[in-house]
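Supplied in structure tokens, the structure appears directly below.
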Amino acid sequence: MLLHLSTWPEVATYLETSTGIILPIGSTEQHGPTGLIGTDAICAELIAKGVGEDTNALVAPTLNVGMALHHMEFPGSMSLRPSTLILVIRDYLVGLVQAGFTKFFLINGHGGNIATVKAAFAETYATVADLGLPQANLVQCHLANWFMVGAVIKRARELYGDQEGSHATPSEVAVTQFAYPATIKQAPLTTPVNRDHAIYGAADFRQRYPDGRMGSNPGLATPEHGQELYQLAVTELSKSYRQFLAAQ
Amino acid sequence: MLLHLSTWPEVATYLETSTGIILPIGSTEQHGPTGLIGTDAICAELIAKGVGEDTNALVAPTLNVGMALHHMEFPGSMSLRPSTLILVIRDYLVGLVQAGFTKFFLINGHGGNIATVKAAFAETYATVADLGLPQANLVQCHLANWFMVGAVIKRARELYGDQEGSHATPSEVAVTQFAYPATIKQAPLTTPVNRDHAIYGAADFRQRYPDGRMGSNPGLATPEHGQELYQLAVTELSKSYRQFLAAQ
Amino acid sequence: MLLHLSTWPEVATYLETSTGIILPIGSTEQHGPTGLIGTDAICAELIAKGVGEDTNALVAPTLNVGMALHHMEFPGSMSLRPSTLILVIRDYLVGLVQAGFTKFFLINGHGGNIATVKAAFAETYATVADLGLPQANLVQCHLANWFMVGAVIKRARELYGDQEGSHATPSEVAVTQFAYPATIKQAPLTTPVNRDHAIYGAADFRQRYPDGRMGSNPGLATPEHGQELYQLAVTELSKSYRQFLAAQ
Amino acid sequence: MLLHLSTWPEVATYLETSTGIILPIGSTEQHGPTGLIGTDAICAELIAKGVGEDTNALVAPTLNVGMALHHMEFPGSMSLRPSTLILVIRDYLVGLVQAGFTKFFLINGHGGNIATVKAAFAETYATVADLGLPQANLVQCHLANWFMVGAVIKRARELYGDQEGSHATPSEVAVTQFAYPATIKQAPLTTPVNRDHAIYGAADFRQRYPDGRMGSNPGLATPEHGQELYQLAVTELSKSYRQFLAAQ
Amino acid sequence: MLLHLSTWPEVATYLETSTGIILPIGSTEQHGPTGLIGTDAICAELIAKGVGEDTNALVAPTLNVGMALHHMEFPGSMSLRPSTLILVIRDYLVGLVQAGFTKFFLINGHGGNIATVKAAFAETYATVADLGLPQANLVQCHLANWFMVGAVIKRARELYGDQEGSHATPSEVAVTQFAYPATIKQAPLTTPVNRDHAIYGAADFRQRYPDGRMGSNPGLATPEHGQELYQLAVTELSKSYRQFLAAQ
Amino acid sequence: MLLHLSTWPEVATYLETSTGIILPIGSTEQHGPTGLIGTDAICAELIAKGVGEDTNALVAPTLNVGMALHHMEFPGSMSLRPSTLILVIRDYLVGLVQAGFTKFFLINGHGGNIATVKAAFAETYATVADLGLPQANLVQCHLANWFMVGAVIKRARELYGDQEGSHATPSEVAVTQFAYPATIKQAPLTTPVNRDHAIYGAADFRQRYPDGRMGSNPGLATPEHGQELYQLAVTELSKSYRQFLAAQ
């Protein structure tokens, strides 16, 4: 059940039986010579919709732009400052708490979002307590990174070995190929690819990773892989969501 | 050309011939008993894509959640504070300016965004000047509200007369029916509908407009109307975008 | 009744019969070769005082500096960032709400303030609701732009035709001449005057409008015009204020 | 030379010979049963104008609302948060620095502003340095509290002894009587007046100082005293301003 | 070399041979019935000093209060909001960058700080780039959590098995006992201890973990363990710091 | 009783008999060729501990970095922006109020903190009132500058006359020598020392005070003086703290 395709009376009815909601969060950033700039948002959105269907959960619209400051030297990348993203998530969640939601399950497509999202959760708990909302103490936020799902990691390792890398990975590219088979991109992946550097500022990042890939070979991706990885993520995250809802 | 479905080298190539970009901005808010909560985002996104196709312009991902604080008493509505939305737009635009974009054409689906977006433009001009970016003085932002396009207003008036109203209008509902014919909602529109009240806080709004509609009869909408209105909006906004690009 | 010339017990007494207050908001910005830098504040303050006298309303001190970032390349201009101005208005209004005021009628002298003021209203409604103030749901803010009053526009058109322009207009200059007849300025208005450009950043603005005027010929202004326009504005805004107070 | 009554070319001319500007800052807050709510702004503005005339200095519009949170339990009081006031002053000064001003002489009418204004100066120095403005290192801000001028304190002590008190003082009331002889207020000053308590929050303040006065007897004020005190303040602050301008 | 016990000329000399600096960051929060409230700051500071001695590195003063919002229902806990802590770290680091430091090695004693500190690093990289500092692209920040050092975890497991838990752990308590042998606390640890719950808001936390411990038995700690763990942490972090300095 | 060396149950017990707490606040900034960079924090912490022992008061961890923007041209100096420091103090105090503390006694070691700390107090009073905390109206904050204690000033004048100066003073250096006799620094104090200049931005400061001293001769300091001054400060501030606690 997609929030964007629902009416407010439908949401009111939904709230009578569940106070849970799924929020996809992605990023808009370079993903190497062949990866889509929307990769992280596309994956998060697709998987969130799958989990929503599996679990009859409401799915909020995708937060398309996340924390990608280190990618900003590649044109087309967009980012919020961490301080801005904290406010955005706080605004999202506090408003939904006021409407009666208490269980927030964020399906995340971008490693760079993790720190800021967790900081935003802490800020949100404090804000709802400050506001004296009756349900403040029931508010629970959970960050689920689809790319860190056990079954996904295992299968990616089988498929790609150490060519999975850590950015513009074949696994995430595969999921976007499954989602948008008509926009599979071809480009030479001849620039030597680096890996395992720490991430600092944007100019430094571009110097270390000149074509944007971090240790990955996205040329290995296929839409079929994508479908398989998608299904593994949906299955495991649907289970996680149900457990999250059921937990006290 | 959708930013999310492009690669960074494609964006780099695009920037060689154009520094313009279209950014759809919508809202996630109640639209009466039958209107989709995502109406404003759906319309803005659809029309932005249409304009992008017509003009070969790059289209950024949709800003799905806007300034809808006055709708927050209806469950499912989401909103940013104006102060947050200013930061979001500033972060969006400043980052894109740093990559070389200078002409920002926002296609907006929600009246409640207008004030904050304009304030954000002013904040952005000052910020890029403060940063001393070489192209700071070339940065231009234009806000295009699809629902205020002359041809759209004229046709809506012909189709719906004074039942167009000002929120959850048949014209915007029609566009969403065109976009999502499978999710056309039916619900009794029997609550007396008010109109012409000023908009203040959220609790006040809900009291004045108990089912969320403002003077509108969305029951008049059809997907065929939606297609027609969509086309009128795309045609006129494509012309506007071209003029905006061409203007000094 | 001017707040600045009242005592707190007088305000306490006033609140027993009215919870309305008028707040003039202007700007401190260039107004062409002959217009006073304080034009917008002077007009707003003068007309607010007139409305206050006509309606026995309390009039707050003038917010002298508004949102005029686009004028900042002309020396003597001052501006708040939109993000700052939102906080200022929020602080003004929230404090007055805590004292018992609920009806805020802002008389504005500057087009550049409109967007930010409206954003600030939304921020304020949310803030008073967050604070759980008992009268939160009664808070209403109204923005009245004296230069957009019907009778004023009509008379300005009769007097000046298309030489009214849109900044440093003869009508606003006339009101300042009526207010300060001893400081009527003379300067050659020989720089060719532009009109109808969109407004972007400050450097761009100065390039398009080299002497600061936007399509106007302030040389047509006279103090007598000013008195007449002032009276038209006061009459119509007094009526508006009474309606605003009376409305639920 | 009042900024509000000047044109931008006049300011441009002024800047050729001086980079100094005087900014009056007051407050809008209760001043006891007979003191005007605008007392601090009225005094600062009047004295600033006097100093401006004496020294041919440009005088900016008055910052009417300052930091008066501790007075907010008395109706009619208005205040900015310290965090807001810092931004306001930063915006004022940074914009004027960009136009060429470097010497800022703030004439202050309210003790409660002092801490925040000084904090704002520090924030401003850092901001202009961050912006890399060529004249950043020349920027100097001086806070001149008229009520702490030696000659004023001495004369107030002669006139009022320990009935001068520290808020709603006869000396400041006298200056407002000189400025507005038509609005001299009469009210019984029979509430026992306290003194020498520390200042904490607003509710605590009202409990300690039930009619708003702090150890003062404003009933001793006369317009003649006001004129005399005004003159003493103008004379000494004009000297201070000249020294400030002359100092490296 | 402790910054607090150095003079500025000594720092100037230091900068001639190293641009690295160690910053300890802790927290001030409950650590169960027997753990010191300053545990996280004490451990971070002690270990940072040890690393500083081993590597001749400059050690900044300890950031004593971190992000501990979830502990705030236990009296004596203190916390910054994540949004505040980001600003604090940004101010710390940007100022040091302006002085010439580029390699920032944060030794952290509190898991709750990790997300916010990482967000602050991203904010800092963007800020130094915005400021156009010549060394902006050389700035590198590294977060070293002493309690996640491999050798420490291994030894703690040997010593305490699953009674190590995850908050108020015997290992961190042991280090504080080594640091302050005179203040070893005794209290009954009879409240049943929970483990493995997720962390949400403060009230929820206190309900799940009624005496503040998370699955730990701090009664196992001894000062001798503390010395051993301290030494393991110092040895491994000194190595890490040297590698960090040496890396490009 | 040091908060860092206490457990939360000990704090709970403390709160049964006292709601007062002492918070040392210092700075991390240059103190001339021989003064320790941590001078202000060291003095504040040492004296706060002494007062805590004398009065059985709880002493919070030291805020080591304060508002020292004007010292930032000397390497090793660290500073918070005033706007950041306000948030830090607000977070500190609001959290402690929520735990039951109401009497906050800040022992300060740095003149540059005074303005911002006072602004933060005002911000805090308003915040606790906004939060509707039951004890909001009892919250009282007191700023005690040890270097402005009467007995300290008198003795410093006897010992050092006008060579006391106003920064890197022999009296504060003496207290650090008493605290850390092993780190007494020697350096030539031959740079001519200036005094009595106003303080503006950092670059200006360094130009006026080339070695960082302001009119002082820290070469006169001895550890014995330090002990004596320490004792004078502790005695008088202990008395102040008791009065502060006892006052309504």
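Letters A, B, C, D, E and F mark the chains as written, and numbering starts fresh at 1 in each.
As a convention for this text, a residue touches a chain if its C-beta (ideal position, glycine included) is under 8 Å from a C-beta of that chain, and two chains touch if they have at least 3 such contacts.
Given the structure is predicted, the values throughout are model-derived calculations rather than measurements.
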{"item": "Lowest number of touching-chain links that must be crossed from chain C to chain D", "value": "1"}
{"item": "Identified repeat of the D-F interface (over half of residue pairs identical), from A-B, B-C or C-D", "value": "B-C"}
{"item": "Centre-of-Cα separation between chain F and chain A, whole angstrom", "value": "46"}
{"item": "CA centroid of chain A to CA centroid of chain E, Å", "value": "29"}
{"item": "Contacts with 2+ other chains: residues of chain E", "value": "72, 81, 83, 87, 132"}
{"item": "Residue ranges of chain B in contact with chain A within the complex", "value": "2-12, 15, 28, 30-38, 41-42, 60-65, 72, 74-81, 83-84, 87-88, 91-92, 95-96, 98-100, 180, 183, 185, 187, 212"}
{"item": "Touch list for chain F against partner chain D, complex", "value": "67, 69-70, 72, 81-83, 86-87, 112, 114-120, 122-123, 125-126, 128-129, 136-142, 198, 200-204, 207, 247"}
